[in-house]
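Paired with subunit B in one complex and with subunit C in the other, subunit A is shared by the two complexes that follow.
Coming up: the complex of A and B.
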């Protein structure tokens, strides 16, 4: 081994050891656990079948009766509502506030939600939707609408958490889109204006396409967050009432630390890891292939 | 010069060798203020310093297993659920206390929850009774209300309270982790299914879809459908609202006496016909990984003995599990509680005794039932699914 290689090894080795101990080993162990029973016997995919067939994960009766629909469906709902809402809000706010005096102050205020620890955000959400203390009910009360504690009812608990988290997460997309907007050359806008393009045309034909790499990052990070969302749910509703706001990460915690069933918990962990890995890789590939 | 060095060394070694025990309990606010005099008295009598740390049992359930695997402990004496103490005692993470306390000096049955065979893994500290519905005497007097003696009178009382202007609901529903709703549910199970139903459910001898359970739940859902229970609200917040007259009744344990401005204005009644009440003792244990096993044993023996418990009951809201504590130690309102529990069976808390996956499921399903009583069958189905099978 020459001197250069020895130096490389010297600097790389600590990182490799740390990765092996704290990332690779736990991942392998978790995957292994998901195929074993509590006695350590190999059970093939029995744990996966048991978890995926359990009502905590997927409850088909919910589609006719109402929530809960199962943690898996709740996560998908979270993605379906939260992702486009935060993206559209983030993009709109960053575009609208770009050339406005004091826009950066407003953007900083919006970003405060991101600065706050999510666990505190969860407490705030439970207050926001509270019957007695909440601003939502205070606002609805102005119009004579009968109020309730939104997080206490199965039909509104999950939606309350999702919309509450929109407030917490929008700051993230605002900041990324604002940074992205600064990278688009002014010439493009000036040329479009000279050609007689209206603001909507400019937005859809210049701004949105040129922000595609930023959009990919926003989608990736938001999807990853939505898949592993835990803290907000844990604090605000603990997945209730009756499992109506349960999510995969919380179910993984309940299996592991309440049921003391590490095998089923490992199954959920593997499902979550594969989902996040799939999302991350496919979106990163699309950035790589992006001709812009 | 050398004299100073020696003196300094002696001082440093004295400071370093001084024992400070850490005790972990769930009490904060007013409840913690009631517990601190007990610790101070122990420190005064033994010279051993004690530091108190607050951890909820729910958080300890996550923290301790990992700590124990690493042969560590965050505290020398820890208050925790009996089911946890039994489980981890058997796994060898807890110091047996069989020869540390005299078991004959405790109320019969009060140590059963922390015993496995003949081995004792924890001690019973003072207990709290969950006797029934609390009301303000001044509120009842003002509106001409009387504690009920029959179920019909109870329902009539709720209807009268409901019709009082400004009332949000006749009964306040405490929310939070979930135990306030499970406490009131257990009271219905015990009243309409008998004390044996509670014990059978704990042991897994009775199904949740049995007639006895459904009958008790039918009574409860009847009241829920009539909107006699308020919407679940954080339990300390709703306590204040109830005290201010937004609600007429509040089901809570005897610790409520230490949480109100004027405990002499408190009255309490059980559901008519109740033959049992939940007597929830607080259990503590000494982890195997404590640095100071002898001092920790001394602390736990003192706390659970008559000296420690006498200091605690004086603060109000606690009932001793150790025998031989003079009644004069109790505040007047606790004597009223003591009267209620005379002649009825003292029972363990249902969800604390079962623990595990059942406990959060029970709490969560009751939160659903409270807002959608028409989902009773779903709730019972889930509870049966999560319930312990016959031991």
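Coming up: the complex of A and C.
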């Protein structure tokens, strides 16, 4: 073996071996498990059919009766609410704070939610929506509205978690959009102002299009986070009450480590993995297609 | 006029965002009787550190032990992946070799994986290796899990720095391993700082891997003790708030001390 190859082995091999043994092999094993029964016999897609038809994953009765709707729908709902809200908040805050005195301090405050462990984030969310101590009820109390522990009621548990997680995650898009704004040359704005463009026009014709690469990244990272959400739900509601705030990652844990059904848990893990890979690959493609 | 309005609006946002932190802090330092009508009322105000002491010395989920345990895991689980990932990132940036592209694609793919994907097999694997409920096992898994993003991050850094210094050293007869440790590593310090800040924070904050791999009551990490402190039937908010503050202080300190590296890492991690 020549010296160059020895160096390659020295630098790359330890990392690759660990990766293959402790990440790649488990992933392959999980995929295999999803096609086997508990005795190890091949059952094709039977596990998938049974999991997708189970009430924990998809509960059609929920559409007429209310929560729970099943973990899969809950994740989709999380995306439908959390993604646009954090994006719009992040974009508008980063534009607002760019020209505000102390803007960087405000950004740091908003970013604090991202810095803390998500298990603490979940505690903070239960706190925010608590009956006696919660900020939400303190505010509603000003108008004499009746209060409750929002995370403890089926009809409001999931939505509380989702809006609480907006509070946690907005800092991420603020930081990314702020970094993106720094890259837009000032001349663009000056030229537009000379041409008499109004602030809204400048925002929609210059800022938003030039931030497109950042937006792609924000969407990807936020989607990945929403699909993987686990800690907050675990500590704040444990998916309850009665499954009303259950999510896929938690259901996977419950199948595997509470019900000790590795095959069903593998199905949920594979569904999650395919979703995250789909999101990740579309990021790669859009980065590649980007003419800039 | 308009500027004042925007400044006020900005600070209003900051106020909204910081209020829960303030509330948790008030709940932690004040006795329960004072909180019944809301922590925002101050007719009487008798702060004490009683709840913090209570959380640190909690009989079943004491955080002082939890913090020591978490550090025991977080320090090696930051250093090992940092070293191996930096080496691999350098390898990918400087050499051509068989399987280079497929291996790199593999690394990028693993970046998106949820931990749930490896949970059951990793549990069985560590069980077979007698590494379940052991910090060594958890550290190995954190190392393997951290390697892809650190490799990716460091490779992106190394491709941007010129090779002139390394080539000069090679002319002088230094071999590649010496060059890496003596010349490249010092130059890579800012990037390593970013990777350190993020990896340490993430390992400290990890809950899921600890949850499935560590179960002896005295071995539980700090994050695992938070749900236990919550109680089953009623929530002792004073205790829980103090525990939340204690556990979040460590990553917040890392963030405040290494802010520039932290933000750079966060942006580089996702914008590259």
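One rule holds in what follows: the second predicted complex is superposed on the first by the 291 of 292 C-alpha atoms of A that agree within 3 Å, B and C clash if a C-alpha of one lies under 4 Å from a C-alpha of the other, contacts with A are read in each partner's own complex, and residues count from 1 in each chain.
Please note the rule applied: a residue touches a chain if its C-beta (ideal position, glycine included) is under 8 Å from a C-beta of that chain, and two chains touch if they have at least 3 such contacts.
The structure presented is a predicted model; accordingly, all values stated were derived computationally and were not measured.
Q: Would you sort A:112 into first (subunit B), second (subunit C), both or neither based on which partner it touches?
A: second
Q: Looking only at contacts as defined up top, I'd like to know whether subunit B or subunit C touches more of subunit A.
A: Of subunit B and subunit C, the partner in contact with more residues of subunit A is C.
Q: Determine, under the contact definition given at the top, whether A:257 touches first (subunit B), second (subunit C), both, or neither.
A: In the superposed model, A:257 contacts both subunit B and subunit C.
Q: After superposition on the shared chain, which partner residues are touched by A:239: those of subunit B (first), subunit C (second), both, or neither?
A: In the superposition, A:239 contacts subunit B only.
Q: In the overlaid three-chain picture, which partner chain does A:145 touch, first (subunit B) or second (subunit C), both, or neither?
A: Neither subunit B nor subunit C is touched by A:145.
Q: For A:132, using the defined touch cut-off, is the partner it touches subunit B, subunit C, both, or neither? Pick first, second, both or neither.
A: Touch partners of A:132: subunit B and subunit C.
Q: In the overlaid three-chain picture, which partner chain does A:60 touch, first (subunit B) or second (subunit C), both, or neither?
A: neither
Q: Identify the overlap between the subunit B-contacting and the subunit C-contacting residues of subunit A.
A: 130, 132-133, 257
Q: In the complex of these two chains, what residues of subunit A are touching subunit B?
A: Interface residues on subunit A, with respect to subunit B: 55, 65, 130-133, 148-149, 152-154, 238-244, 254, 257-261.
Q: Can you check the complex and tell me which residues of subunit B touch subunit A?
A: Contacts found on subunit B: 61-62, 65, 175, 177-178, 231-234, 237, 241, 356-357, 359-360, 363-365, 367-372, 375, 378-379, 382.
Q: Subunit A touches which residues of subunit C in the complex?
A: Going by the criterion above, the answer is residues 3, 6-7, 9-11, 13-14, 17-21, 23-24, 27, 35-36, 38-40, 84-85, 87-88, 90-92, 95, 97, 103, 106-122, 124-125, 140-141, 143-145, 147-148, 151, 175-177, 180, 201, 204-208, 211-212, 223, 226-227, 230, 235, 237, 240-241, 243-244, 247-248, 251-252, 255, 259, 262-263, 266-267, 270-271.
Q: Report the residues of subunit A in contact with subunit C in the complex, numbered from low to high.
A: Within the complex, subunit A touches subunit C at residues 3-5, 7-8, 10-12, 14-16, 18-19, 21-27, 29-30, 33, 93, 96-97, 99-103, 105-106, 108-120, 123-124, 126-128, 130, 132-133, 135, 138, 141, 167, 172, 175-176, 179, 213-214, 217, 220-221, 224, 227-228, 230-231, 234-235, 249, 252-253, 256-257, 262, 265-266, 268-270, 272-273, 276-277, 279-280, 284.
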